[in-house]
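Each of the two complexes below includes subunit A, the first together with subunit B, the second together with subunit C.
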Partner chain A sequence: MSTATVSSTDQGFSLLRLWRNKESRSVIIQIITVAVLFAFFAFLISNAATNLERIGKNYNFAFLWEASNYDISQTMIAYTSQSSNFQAMIVGILNTLMVAIFGIITATLLGFFMGVVRLSNNFVANRMVYCVIEFIRNVPVLLHIVLIYGIVVNVLPHPKAAMNLADTFFLSNRGLYFPAPEFGDAFIFVTISFVAGIIGAFLFARHAHKVQDDTGKALPVFWASLGFIIGLPVVVYFISGMPLEWIPATQGKFNLKGGMPLKPEFLALWLALSVYTACFIAEIVRAGIVAIDYGQTEAAHALGISSGRSTQLVIIPQALRVIIPPLTSQYLNLTKNSSLAIAVGYMDIMGTIGGVSLNQTGREMECMTIVLVLYLAMSLMISAFMNWYNSRIKLVER
Partner chain B sequence: MIKTISGIAAFAAAAIVSAGVSAGTLDDVKARGELNCIVTTGLTGFAFTDENGRWDGFDASYCRGLAAAVLGSGEKVKFVPTTGKTRFTALNSGEGDALFRNTTITMSRDVDLKLTFLGVNYYDGQGFMVPNSLGVSSAKELDGASVCIQTGTTTELNLADFFRANGISYEPVAIETNEEGQTNYLAGRCDVYTTDASGLAATRATFDDPGAHTVLPEIISKEPLGPAVRQGDDQWADVVRWVLNVVVAAEELGITQANVDKLAKGTDNPSINRVLGTEGNFGELLGLDKDWAVRVIKTMGNYGENFDRNIGPSTAIALQRGLNAQWTDGGLMYSPPVR
Partner chain C sequence: MNEQAATKDISDEIAVQINGMHKWYGDFHVLKDINLTVNAGERLVICGPSGSGKSTLIRCINRLEEHQQGDIIVDGIELTDDLKHIDAVRREVGMCFQHFNLFPHLSVLENCTLAPIWVRKTPKKEAEETAMEFLEKVKIPDQANKFPGQLSGGQQQRVAIARSLCMKPRIMLFDEPTSALDPEMISEVLDVMIDLAETGMTMLCVTHEMGFARKVAHRVIFMDQGEIIEQNEPEEFFHNPQSDRTKLFLSQILDH
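Then we have the complex of A and B:
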């Protein structure tokens, strides 16, 4: 309100007077900042547009529907060189998601394990993990990728002499070959029973919660869930006559044929990203657990809660509150680091739409816009999920 | 949203804002006193750094010849190494003035990528190299093989076409540079390495045991390799085009690195006199001086000398002239007259 008083007593309008006023000055500064920023971006965009026009190029996404004309080695959807650039992009997205999801799962498991070992009283285990973590996380992840790729390609044997486990699993410098599943018609029943099992486990957990609230009796939720989710499908699988066969790869003229291969490019990227990120997660987990005062454990014991359940119900929920926010940024880092795939020729988003499609069509601006939007969308989705999870586990103030 | 826009803008700034690509590349180069010449990251015989770190090779010589024509010295070149993927962006963004990089002339590159191609300096075709131990004698026997392929090249597209046309399958192993392809091929990551036949010969020449590898007989594509410049600067395009032509004309007329100084004093042959500037004013018409061609030939030799010195039968790469012989010898090298 001071502005009003000042200007009402004002003799005449003066810029200097306006500037001397603290409130109006802050408004002026904000307006100038926004205007300068806007002008800067407007300049960049118009400059790009002018330069594009000068060399006679336009900004147009029609190339997405034209045939890509190139082949990709790892495709999760049907794809040939006659498919469109758009389909090539989908292949790239799926490949990025595959390495990101595999990476996040492995990094989390490995990271939690290493984080717990770091807290163990066993001096040797503790120090060993410490050294491993310090070595791995202080070397750029690109080096890990290239190093693992080099080891896979140069050290592992040629497919003709592939390392072989029971004629089922093969490891060579062309990748790790798993047997491929072949589903019989009756397999649909197993799938249905699996879904039913998940629903059953969920309902049982709710029931158990209610029973505990009413009577204080704890039902064996873990074992029941295991029975529902794993046991039920296994039983159905045998009843329906084992409608699933595993077909291992066989030797071909040049390569192993059939099976489910994990290519060296994928292996290198996946392992490097997992191990690298796991080291950061280990430290986050360790910090999270150390952050919980030992008094909490003692308090739980004093209330007669068993050791296992006090970890599960008292320590971990509190530690997670500390762990989740930095963990989210590690997941984001891993996903974005997966674009280093380009170093080993793994065909992810950067390899397909941001690489070969870009080059063969010459649509740099369009392709880079797409890549940017895709990575942004992926990161925002991970953030949104982790924020939702974080708000679920955060301390409820009563 | 702001993030997105700033991202786009930052990229736009990085990719497109160039140090003022003006219409007159010739004037820019003269003012700068240095030619920015786009070459490969390294392909023995064509463009590579020798043990002293000096760029040399069949394509690199053209860069030096062009610099000699424009700036008076073949040393006034800054080489800009690019991969198959980055070369056109480097040219269009103004990072380089001319592209001499084993680049295949295609319609889409000419029309859609907005490049101007100036002619062919090497007629090539795509081939396959395999280790002898595989016992393969034809590319049609390659069903199921892993093939190392440089991404962002026409060979990548030809490869897909060839295997599709023959109804056989393969696993593409994408690589960025020739050196990476060589490493992966020798390590056995792929069974086959495919690129232009000249590139295969050049790569094989660097192996410890070149005799253990065979280039298969099939040539699956036409790969006319030639220099390119940005579209829309006709004066600069003319300069590069006539450097390209004049070395072919020089070979046809018998002008060599050794005798060019003597012939430049004037001869009875008007064709030679026009090339070397003792008759006519073709140099001035081009925006250069009258001795431009003398400097080109003194710097890089005529077409045949450049070929023999870098990739010819007496070198480790041992390519025959073949299609690249003069038209008088049954080849395709044919320069329009300097007249």
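Then we have the complex of A and C:
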């Protein structure tokens, strides 16, 4: 090593010399860091253990199998107050996932739309979206949740006087009621044709790609896919005698009966998280597109490529690589912000295992560990997926 | 190339005709009453101090910039707001930029085949064969599967030239193609441009490479403050400039 030969006059082992060497210094720093971290966690664990012992508690998860003794208004699986805390936790996970997935989808669509409008030359649309974004993203999301919840519960009419769209959709202070689907036996054919349609669209896209490679003709992939995925099931639906019925809710004296409800708690959380996150996504999308040098557009135009095609073939692929990493952060934010559900009583992970179960069993260490692990697992999965996607589209540099 | 041989390959066909063209950027009058006729096969070098409007002039020819007054007729098609006309002109006019503007997310080969495939509807295989042909002409066929970020500036500019040629244009525009290059890379790009000149391509080059102008240009145009001040054959232009502004400009770029 060159540094060793330079200082070879300085014979003998000394710490100072090790510290001056670039490689051994980095090793020393790493050893010290690991030791400090280890000591820190050892302290935390032993501290928790002694304190738990002092108040006469142990660390075990047996409570998970005991009856939860509380009800949950919105559940996706069978659940009663006699179900276990573990089942309550599963309900919580599913509710969190539902609001996170719905939220991510609507936030992405809305965000991309607003981001593109912000770049349009239409002055009115541009300024309007600008004002909306600046207002929404500068108000805490908790306020949005409470505000929307307040509007749904206090401003919307009582179920008896629910806003009624063609006796099919009902909007009241009990939430938004969709008709519930009732599937006939023949509906299986529609499902099969839908799956077949997706496969057909996929095969057609591949075929179109090949035709373009061979003959240069660009087939209408978008419209053909639409035909396959939507047209085919619709045709099968009518041929098989319309085996699907939509049963709307009926207005009872005090409440709406039947139908498929979106409860006020879910509506508030979903809408608030969507619009709030969409505003950040809009700015990310705008930044991503603006970051692409205008020379790229000019070069595409100079080659005779039309505006739409140059956006599709040149701008979007490059903008995505700028957009994806911050977009991932927004998805993580939305997922974790969904724990604000507790403000309106939407029973997510924080409301069930991190809320009522914790209060009733007094198992705060165990419950918080579970909550931590669950959110961590969800976030890491989102990160892993987005990193995989990002590595697929990133640029090759020198 | 001697003068007789040079003038021989100019046809009577008119490639670009500009009549009384004006352009403003807001209040700033960038181009003032430009009148210019370029015949097919003719090679023009446009020079002048920076800010004289020479880049803007050639960018008007493929409508990267809009003119506000006068006519521009390229290959028989008049440039108006009609998008169809604009696309038709852009298909026939190739352009190389100062900063190359290659598409960084596509390989060298894909850069060259993108427009032929999507605009000319050429089968992929055929487009790739054509692309390889032109990459050979610019002497970098071995880089075909690399990405632009992996190439030197000179190589990138040669790919940009090949990319334009893949559309088989009838007219080539060069907007200071060597200004962003290190000195040792300038000649490799100029060599490619000289090869291209020998194929009889109609070329309009904005450049400060006076050696190149002497060697291949039929006509040198000098612009200053948005006007065409002087135009002449290269020998006459360099040895016998007429206006004081041309003399001053030439003394600035040649005497050092």
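Simple rule for what comes next: the second predicted complex is superposed on the first by the 364 of 398 C-alpha atoms of A that agree within 3 Å, B and C clash if a C-alpha of one lies under 4 Å from a C-alpha of the other, contacts with A are read in each partner's own complex, and residues count from 1 in each chain.
FYI, contacts are C-beta pairs under 8 Å (C-beta built on N, C-alpha and C of every residue); 3 or more make two chains touch, one makes a residue touch a chain.
None of these values were measured; they are calculated from a predicted model.
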### Task
Judging by the criteria at the top, classify the pair subunit B and subunit C on subunit A as clash or fit.
fit
### Task
Based on the superposed arrangement, let me know which partner A:Asn47 touches: subunit B (first), subunit C (second), both, or neither?
first
### Query
Which holds for A:Asp214: it touches subunit B only (first), subunit C only (second), both, or neither?
second
### Query
Between subunit B (first) and subunit C (second), which does A:Arg392 come into contact with in this model arrangement: first, second, both, or neither?
neither
### Message
Applying the document's definition of touch, where does A:Gln318 land relative to subunit B and subunit C: first, second, both, or neither?
### Response
second
#### Entry: Partner contacting more residues of subunit A (subunit B vs subunit C)
B
### Message
Once chain A of both complexes is superposed, is A:Ser306 in touch with subunit B (first), subunit C (second), both, or neither?
### Response
second
### Message
With subunit A as the corner point, what is the angle to subunit B and subunit C based on their C-alpha centres after superposing, as a multiple of 10 degrees?
### Response
150
### Query
Who does A:Glu298 touch here: subunit B (first), subunit C (second), both, or neither?
second
### Query
Closest Cα approach between subunit B and subunit C after superposing, in Å?
35
### Task
State which residues of subunit A lie in both footprints, the one left by subunit B and the one left by subunit C.
none
### Query
Across the complex, what residues on subunit A touch subunit B?
41, 44-45, 47-48, 51-52, 54-57, 69-73, 80-82, 153-154, 158, 173-174, 252-255, 257, 264-265, 342, 345, 347, 351, 355-356, 358-362, 364-365, 368-369, 372-373, 376
### Message
For a test of understanding, state which residues of subunit C touch subunit A in their complex under the given definition.
### Response
62, 64, 87, 90-91, 93-95, 97, 99, 101-105, 114-115, 117-127, 147, 149-150, 163-164, 167
### Message
Quick check on the complex: what are the subunit B residues that touch subunit A?
### Response
3-13, 15-18, 21, 84-85, 88-89, 92, 109, 112-114, 134, 142-146, 151-152, 156-157, 159-161, 163-164, 170-176, 184, 187-189, 191, 230-232
### Query
For subunit A, which residues count as touching subunit C in their complex?
212-218, 293, 295-296, 298-306, 309, 313-314, 317-318, 321, 393, 395-398
